[in-house]
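The chains carry the letters A, B, C and D, assigned in the order they are written, with residues numbered from 1 in each.
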Amino acid sequence: MSFGPFLLLALLEGTVMAAVLALTAVGLSLVFGVMRVVNVAHGEFFMVGAVLAWFVTTYLPFPPALSWLVALIIAPLIVAAIAALADTLILKRLTYDPEATIVATIGILYMLQQAVLTLYGPDARPVPAPFEWRIQTPWFGYSGYKLFVVAASGAILTAVWLFMTRSRAGLVMRATQVDRDIARAFGINVDRVYAGTFALGAGLAAVAAVLIVPIQQAHYLMGHDPLLLSFVVVIIGGLGSIRGTLVAALVIGLSDGVISMFFSPTLAKILATLLVAMVLVFRPQGLFGAKA
Amino acid sequence: MTRKLTGLTASRRAVLQGAGAGLLTAGFVAPIWAQAAPIKLGFQLHRTGIGAAYGRWYERTAQAALKMVNDAGGINGRPVEIVFEDDGTDPKRGAEVVEKLTRQHNCDLIFGPLFSHVVIGSAPRAGELKVPYLVCSEGFHVAGGKLNRWSMQPGITDVRAQVQSMAPWVLANLGKKVTMVFPDYAFGHDHRDYFTAAVEAGGGKVLAQIAIPPTETTFTRYMPQIPTDTEVLYHVMVGPAVLTFVKELGEFYGSGAKPQIFGFIDSLEAVDMASPGLEFLEGSHFWEGHCRNKQPDAPDYEATYRAAVGVDDNGASVSDPKDISTYGHMFSVWETLHIIKAGMESAGYQGAADRQKFVEAVEAMTVIPASLAHVQGEKVFNGKTHQVFGLQFISRVEGGKLVKVHTSSMEDGMYPDAVDFSTQSF
Amino acid sequence: MAAVMETIALTRHFGGLRAVDGVDFRLTQGQIHALIGPNGAGKTTFVSLLSGRIPVQSGQILLEGKEITHLPAHARVHKGVAYTFQITSVYPRLSVFDNVALAAQSRSPKDVAAQVAEALAHVGLTGMEALLAGTLSYGHQRLLELAMGLALRPRVLILDEPTQGLAAGEIEGFKRLVRSLVPQTTVLLIEHNMELVMDLADQITVLNFGQILASGTPAQIHGNAAVQDAYLGGHHAAH
Amino acid sequence: MKVWALHLAVVAALFALQFVLPPYHATNLARIMVLAVFAMGYNIAFGYTGLLSLGHAVFFAAGMFGMGLPVWHLDWTALPALITGLAAGGLVAGAVGLLALRTAGVSFMIVTLMFAQAGYLLLLYFGAVTGGDEGFVVETSSRSVFGWNLSEDGPRYVAALTLFAAALLSCLWLVRSPFGRVMVAMRENEDRSRMLGYNPFRVKLIALVMSGLYAGAAGAVYGLLFGYVGATFATIQYSILPMLYVLLGGAGTVLGPLLGAAVVFYLIDITSAFTDAYFFVVGASLVALVLFAPKGILGTIRERVAAWLP
């Protein structure tokens, strides 16, 4: 394949990856930003979202597009409810101590994963895309659904941004992020804000999963990769900075496709992992975040 | 804990499942079994972890084979039980499971594991416990000499023989310039090394070798690396993302020009050929260890086997036509159990003291004719390398079904012995 | 008289806040030197710079004529600068013995038990070795803190508001204790209790808005109108 | 005295158990003792010094491969290979520590996690040398120390016990030593400890290297005793397990790691007979521990009845 189309494909794939990364990571970033909680179970919320999408699309007698739309609404709601429950029952009682919450979310990770193994089984199962549409260029074909994923991610991220900057709830969340005690002094119910934030973060992971599952398969171990990638994006973008997260997702998504053309993909992963470690050590505010 | 320390409690679920068939028929067919202690076989099962999609069907096949053996009078007139233990597809747990099956459940031998790292992690312990360890793995580790005299692979041909016997037909019928796509770990490397060697020996050329990390979930970006003058695209993928790989391959080529595609059925094992996005596979070819779609020339016992394991003529579960079996591999469990029966009977196996005799009896096996017990076809066992050799199939996708177009010869898969276990001490 | 510790144009700003702003300061060997000033005057920042808890922005710190400006805190401790915290900062889950032993063994690993006994005897906590520090009364915790400082056998002991929260009776004992330390040890004291300062200090330095407002003996400071204005503020005006 | 007597009694009891236990459980106990040494190493970092690491798998794997690779490629005998394994654990811990210890708390956890992940991927990347995902078998002929064949049950148990006893007694000595006191001081209040003249970075680095030596020794011995070296031991799961052992047994207790390793091993062994989802138990215990018993079993006992327990 000549260089032009090659680059086009790399850019297309990079954009899809960036969109998916941004959507998956933004929830993690939000939870860390507002609650200072590193949610290691984030990938499992993603996975539960995908598995719920399988259940909904399999058992609802609607055409694929409709049942997928239903899944897009129901799965995040259920996941958000699970997250709110986990927050109330577990994280709140730990008073959000950073280290204890990490251990607890590792525990939640195993519990969710194993619960899905029991209820859903170990198989990878496909979820049909809401529509099948292939774009044919002179050099290669491309999935139209993937382009839809990019558009949908953009729309959802815009909605999140509007919610955070324009709505009262978003304002309350940002106030709590700045100072939990002052927020409490102003009569903000911090417990509810936290539960809501945790639910929102998990719900966003589930939305990402429902969008992505038609191009992957629902599998009980699928949460591992999104978790690590989200970590990479959130840390390089600056812990807790949503804008940094988005920039990092774009940079990493676009560069990953190109880098893995020149290096072995395993080597690319090694370099990305080490980069994260080095960023935390030498530039904890992230590469794109403002200085704390 | 105290209960456990007595060493008496068996795995409840495993005993219920494993013994169910045996005990039922025990009272029915052969009343003398009332006195005969059962032969206990341990099954090291990938019930969870990355190998679980295979594990489920391996368990089902083992149950079916067990029922058949017991219905036919058991082994040496004794009923047979299988104790299943999950190894989580993890080598550390695998070794512990070998220990548990041997010493806590007092199994006579162990069989069943598929994934290479589990086999290699568990085999040393089996060797130390001097318990026969019959793997259903395809890996080249047994015949490659990595393991020990107690480890054997009598139920399925190894990867090296499989890929080597594909090369002549691929070169003659599909093209000479090959690009390979394979997972970047040992199983994929065996494909890479042995197929490349066979292609070069046959006068072809491997243009590119594209290794994909096992954790990858999206593949499109690898596809531009396929050189445009590729005549044959050779693919083999394993794991939960296989369907994504094949679908994205289809999207990439779309309706444009594409090379001949030759894949190992591993890329689509447990996947429905009718899944949306797989239409482009029409006319492409697959290696199959055992033909998923029942072929017109299939022998009578093929139907018996399918009924026993609960699989219909399309390779799907009889209870759910969308639940596709790992048909191309799971026969290895069935055949291994029949090797166990034959080996034990020829060794006059009485108990754990005869384990060495059992290994020697299997080593003495040579030609194994096709039958219901060896449903995949005729085999030749090499007692020196502990590896069995069999026929391989190439099928073409026609109307969403896999139609056999070629059967390799036994000689196609043969290679020089890398090890002689029969001279090693026990 | 020899200066044991000296700062030259010592400066540290936090954003726009000039917490310590060009301070030239001398600590004379063997004296009890008090550092006073209104809240936010920069006292704690200043001693934090001396002890190395906060990095210096510009200026110099000398210890017996040798520059220690960029020496890390733990190294300054080994050079003889000890600091006790404003808020009691003993290890509550460790025994009294372990608390003092940590200080003693930091200076010298030999005869830790004897050193501990000596330091505890000095502050009057003998017999409490086995108790968990967190179970002590507040006054005893302050004494323990002081014993930890003593066990380091410092040349300069910086006490950050040591009498805060002590009962009147305890303060008398504290005074006796501090007096017993000089002249072997030089004491730098941050204190709000003016009565105590006037009674105890040989020398007083007044900080205001990060700068030295005045320096002198208690009598000199007492008569200084600028100090009265800045520090005692409304109190002076009411006269 | 009471303390040393208790720990020596534990060692003696473990020695006696090999003659009493059925062979299945004896081998399990040999495994548990080696895993307990791994957990003791984790405990030195986490329990005593307060370093909550998510990367200890890479130290264990460093020890395992540090032992296994020279045996495989250079035909080394077991004893020198054990020493390289031990050293590899310490070296990797030192290298990770030099960078990771510039961070603290949550960042430290993530940095160690990332280093461990990078280590795992490196093992895969250099598969030609390391055996990649498959790993490799340590030949029985290479598994002898002083003429004892460690692939046999008796010598294996004694070897595991020897390592365990050495680790237990040296750990006991360490935590009761002046340096042990400093490690605890660092955990309790780093700022205060600095003002007592201790360099936090140095103390934590030494603690982490010792922790890595323990983990490396455990990895090397595990590979040697059970004859297999593989990259799965570098996965995140093997960082979480020692954390679980320590949290369950009691962080900052000398015997906690043994207790934790034994309880978790049998929890998994027993529950796997009843359910596929036996790792659910691991998750639920982590949550339950941080919620209801952050001090673990021995930590709670120490608090309630036996304050003298080290």
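Just so it is clear, a contact is a pair of C-beta atoms (placed from the backbone, for glycine too) under 8 Å apart; a residue touches a chain by one contact, two chains touch by 3 or more.
Remember, it's a predicted structure, so these values are computed and weren't measured experimentally.
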Separate pieces, if any, that appear once chain D is removed in thought: A, B | C
item	value
Centre-most chain, if every chain is reduced to its averaged C-alpha atoms	D
Distance between the centres, which are taken as Cα means, of chain B and chain A, whole angstrom	37
Distance between the centres, which are taken as Cα means, of chain C and chain A, whole angstrom	51
Length of the line joining the C-alpha centres of chain B and chain C, rounded to whole Å	76
Numbers and ranges of chain A residues touching at least 2 other chains	117, 122, 264, 266, 269
Residue list for chain D, restricted to those that touch at least two other chains	124, 276-279
Touching pairs - complete list by chain label	A-B, A-D, B-D, C-D
Residues of chain D that touch chain C when the two form their complex	178, 181-182, 184-185, 188-189, 191-200
Partner chain B, residues of chain D touching it in the complex	21-25, 27-28, 31, 124, 127, 131-138, 140, 151-152, 226-228, 230-233, 266, 269-270, 272-274, 276-279
Chain A - residues contacting chain D, complex	38, 90, 93-94, 98-100, 102-104, 106-115, 117-118, 122, 228, 231, 235, 264, 266-267, 269-270, 273-274, 276-278, 280-282, 284
In the complex with chain B, residue positions of chain A that touch it	1, 5-6, 9-10, 13, 17, 117, 121-124, 126, 128-129, 132, 134, 136, 138-143, 215-217, 219, 221-222, 224-225, 257, 260-261, 264-266, 269
Contact set on chain C toward chain D in their complex	51, 53, 72-75, 77-78, 82-83, 85, 89-94, 98, 101-103, 105-107, 109, 112, 148, 152
